[in-house]
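Here subunit A shows up in two complexes: once beside subunit B, once beside subunit C.
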Partner chain A sequence: MSAARIDEATLRRSVMVASPLAVLLAWQVLSAARVFPPEVLVSPQAVLAAFGQLTASGELARHLGESLQRLLWGFSIGSGAGLLFGLAAALSPTFARLFDPLFQALRQVPVLAFIPLLILLFGIDEVFKIVIIAKAAFFPTALSTLDGVRGVPKAWFEVARIYRTPLPSLVWRVLIPATVPAVLSGVRLSLTRAWLVLVAAELIVADSGIGQMMEMGRQMFRLDVVMVGVVVCGVIGFALDRGFVLLQARLLRWRAQPAGAAA
Partner chain B sequence: MNIDSRAVVRTPEQPALRSGALQLKEVRKRFLFDQRELTVLTGLNLDVHPGEFLSIVGPSGCGKSTLLRLIAGLDDDYEGHIALDGSRVAGTSLERGLVFQDHRLFPWMTLEQNVAFALIRRDMSAAARDRLVREHIALVGLSGFEQAYPHQLSGGMSQRAAIARALVNEPKVLLLDEPFGALDALTRVHLQTELQRIWMSQGSTMIMITHDVDEALYLGDRVAVMQAHPGRIAHIVDVDLPHPRDRAAPLLHRLKDDILAELTATDAPRSEAVVPLTRRRSG
Partner chain C sequence: MSAALRSYGAGLPARIALGLLVPLALILLWDHQARHGGEHAFAFVSAAQVAGALRELWQSGDLLTAYGNSLRNAFGGLFWGSVTGLAVGSAMALLRPVDWVLTPLYHGLRQVPLLGWLPLIGLWFGSGDLSKVIVVSLSAFYPAVLYTYEGLKGVEARMLEVGQLYRLTPWQTFWRIRWPSALPSLFTGLLQSVAFAWIATIGVELLFPTGFGLGTVMQHGQLQARLDIVVVCIAVVGLTGFAINLLVARLSRHALRWRPVRT
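Right, the complex of A and B next:
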């Protein structure tokens, strides 16, 4: 009986890898059939070889390290500022009125549209990249914090009043736990956005990082290197998101969860 | 088992049960609604005896819940006088517990943490706190579920937990705002019996709002019947039966018929209640 259950779990896990495998197979078939010139549609084997090379030379690790460091800074600053902004806007109507139009307008401008201006202001150094990642990470967290804090039911404040809860306990034991679910889903979105924008920014201007590695590969017509970048971007982004979901499940384990969903 | 002996103990001679007297004098509550003044409660006089179980029934919109919020101190903006044991009610107090219709347990806290949250203002050792929490969880029959989160509890269990949280401070008065209104009929009957047992084992005065006349009569030493537009107490029915009670008692059925007749007879002023609406439209 337990064996049957394990089989079911393995089955479910194998379904999860089915779609990546199908893409890999299609890629292999297409490149073997020479539908496109091999220099354009490089074969999976060539990509794997390039991956081996880049790993052995330490080049990939260096680029990835640079990128992740930028991500960490930009994401921390951006979502941290978003958290503070969301809190302030939720708690102070004056603050909300003051900044809402600017906030809404800036939110609608694609991050990449700021690149020319930011290059003029900050050059193409680290500051520029961190600013642009922070901008991308800021808005989802700010919005979800704002909604999360505003959405705390009045009913819970009444319970706190009945027991004459002091302010610090009200904040730590009621307000924060009540808003954590909403905030976390915003932070998750921030993390994804930050990673996407980081790679895009590095593609445009950078002297290092995973995006720059891909851009150099393109310029030198090394599409195997470009493809290594594509796959690494996908895997890292996926891993970041998965990791965050696990953290979320851990922090919110008090919530009703479908059986077996908790990791 | 010890229910009967408790019933004997609960006599007015018992000095320990002497606190918990609530007095309401000419209480009036008005809301500003749509720039119009709406009188929700008027000329409300009520003396609740220490240790008494008072039920309040009335049609929806008669201001029952508003009245309870005033007594709880969640709303301080009223005219008249509300006093507990002689001191005027101002703001919330641990002397006045409140059980809401929805259990309002914090979903991120275990049952134990939820009950202990009520003791947040109490200066006591961790051991004393744990003991109080454990005792009150046992009182409502939830021992063994201390570590459960609210989503793991049924509606009836959650409401028991809410009662434990409200009682853990040993309030002089426990206010219950339609505590079983959201439960299914069977669970409700079961919890009514439980509440009777709990009340008999505690010293608290209890005031329960309900729209269920059976429930009001089964539990109440007295039943205050309210009327709407504006909300007021029409009269108070004495339920002269010792606790624990038998639901089949003929007196309860007779009184139920009387109260229901009265509540349905108040249908007449309902047409009057429509008047402000039309007036608002023309004005």
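Right, the complex of A and C next:
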């Protein structure tokens, strides 16, 4: 019985490794057999060569550096503001009543729809890109902070009052542990959204960055450059999310179930 | 219960007034900027201009045409994306080999930010409606697969055991046990698919200037520095997103009304 289970696990693992390899192989065979013209389907080697070329010339590093810098600024500003907004709205009913309708209304509009407006207001410089990323990062963090802080059961405060818990330990021992998991999952969503919007904004207007590299590749029919861009976008997106999950697991290691395991 | 309702009702006008305060102040400030002009006066438009733009777009029929085109792209993409997503997700949940083969591919492809596919899809399928529908389908496909899979996988083991006791056929097991218990998850997926499809539609229209949708109208407005047109489009996009979300939420509540828990 246990031998069979081990066999199945090995089989499963090998199939999961084999299937992407099979796709790569099919790609290689299709492009070698010239089923499609090379302008439509470049060979994996050509993509690899383009990658080597872009790396050697430092072009890829420059674009990526620009993109990540924008991401860092926009994401920090946006999620920081979201955290403050969420806290204020959860703790002060007046603040919530004042700003909630505006918040809900703005939340309904997809970030991408703000691009033309922000271009008109801020031009196509760096400010525009950072504002749009910050806007994308703001809402998930604000929402999850709001929900997280509001979701702390009233009874916990009552228990703390009965035990005459001083305020610092109330914050440190009750509020932060109760809200951090929710807040962090919002911040994680913010990071993903920020990356998505960054790539989109760079596709539309930019003089540098990974999105612009892909857009130039498209306009010059350099399919290999576009493919490199797609793969790099995917790898960076994955690395950002994984990195955050690891950080999350570390921050929440006091919990019985590590958060990273579920994700 | 009734006391809570009454206090809510009594506070309602005051609440609405408070909620309107900030948006109104912003509009007034905006209007003031537009008319008395600071250095950014060119960028601001007065409320009257926005109303004028709305009338203009309405009377020329542009707004309705563009709106119709955008909705058609969104629903076309939503349909194809959800149907394929449902099929792929079910196959992955019910057949283990399919799960092993597709899981690494699905999670690999999902890492690429959605609009990052645009340059590649543009090169392959041109920048016409086909490319747009493909990207929108993709945006609806991801959540559909994920939530179908999770829903069908998440069925409780004891339910399946009851099914075994009654000697249900595989088809009956699927239709009587797995499907109903997957429904809540499916609706969550649909809700996300709808939201993503609408966002993707606008993004694609901003990036591919062919065709004539709301995104295109916005893009033209931006190029002609017609902020009034851009603002009208943002409002329409936002209201539509809101309405669609509300509709799907209602639909899911109606379809899941047999469930004892609140959703």
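In the analysis below, the second predicted complex is superposed on the first by the 226 of 263 C-alpha atoms of A that agree within 3 Å, B and C clash if a C-alpha of one lies under 4 Å from a C-alpha of the other, contacts with A are read in each partner's own complex, and residues count from 1 in each chain.
The criterion applied here is as follows: a residue touches a chain if its C-beta (ideal position, glycine included) is under 8 Å from a C-beta of that chain, and two chains touch if they have at least 3 such contacts.
Nothing here was measured: the structure is a model prediction, and the numbers come from that model.
Steric overlap between subunit B and subunit C is absent once the structures are superposed on subunit A; the two fit side by side. Touch criterion met: A:Ala113 reaches subunit C, while subunit B stays clear of it.
By the document's definition of touching, of the two partners only subunit C reaches A:Asp100; subunit B does not.
Within the superposed three-chain model, A:Ser169 lies in touch with subunit B and out of touch with subunit C [touch as defined at top].
Of the two partner chains, subunit C is the only one that A:Val230 touches; subunit B does not reach it.
Between the C-alpha centres of subunit B and subunit C, as viewed from that of subunit A, the superposed structures give an angle of 90°, to the nearest 10. Looking at the shared chain after the overlay, A:Ala56 reaches neither subunit B nor subunit C. A count of residues in subunit A touched by subunit B and by subunit C gives the higher number to C. In the superposition on chain A, A:Ala33 contacts neither subunit B nor subunit C.
Once the two complexes are overlaid on the shared chain, A:Ser19 sits against subunit C while remaining clear of subunit B.
Superposition on chain A places subunit B within reach of subunit C only down to 5 Å, the least C-alpha distance between them. Those residues of subunit C that touch subunit A in the complex are listed here as 15, 18-23, 26, 40, 43, 96-97, 100-105, 108-109, 111-120, 122-124, 198-199, 202-203, 206-207, 215, 218-219, 221-222, 225, 227, 230-231, 233-234, 237-239, 241-242, 245. Residue ranges of subunit A in contact with subunit C, taken from their complex: 11-12, 15-17, 19-20, 23, 40, 94, 97-102, 105-106, 108-117, 119-121, 195-196, 199-200, 203-204, 211, 214-215, 217-218, 221, 223, 226-227, 229-231, 233-235, 237-238, 241.
Across the complex, subunit A is touched by residues 72, 74, 92-94, 97-98, 100, 102, 104, 106-110, 117-121, 149, 151, 169 of subunit B. Residue ranges of subunit A in contact with subunit B, taken from their complex: 155-156, 158-159, 161-166, 169, 173-174, 177-178, 180, 254-256.
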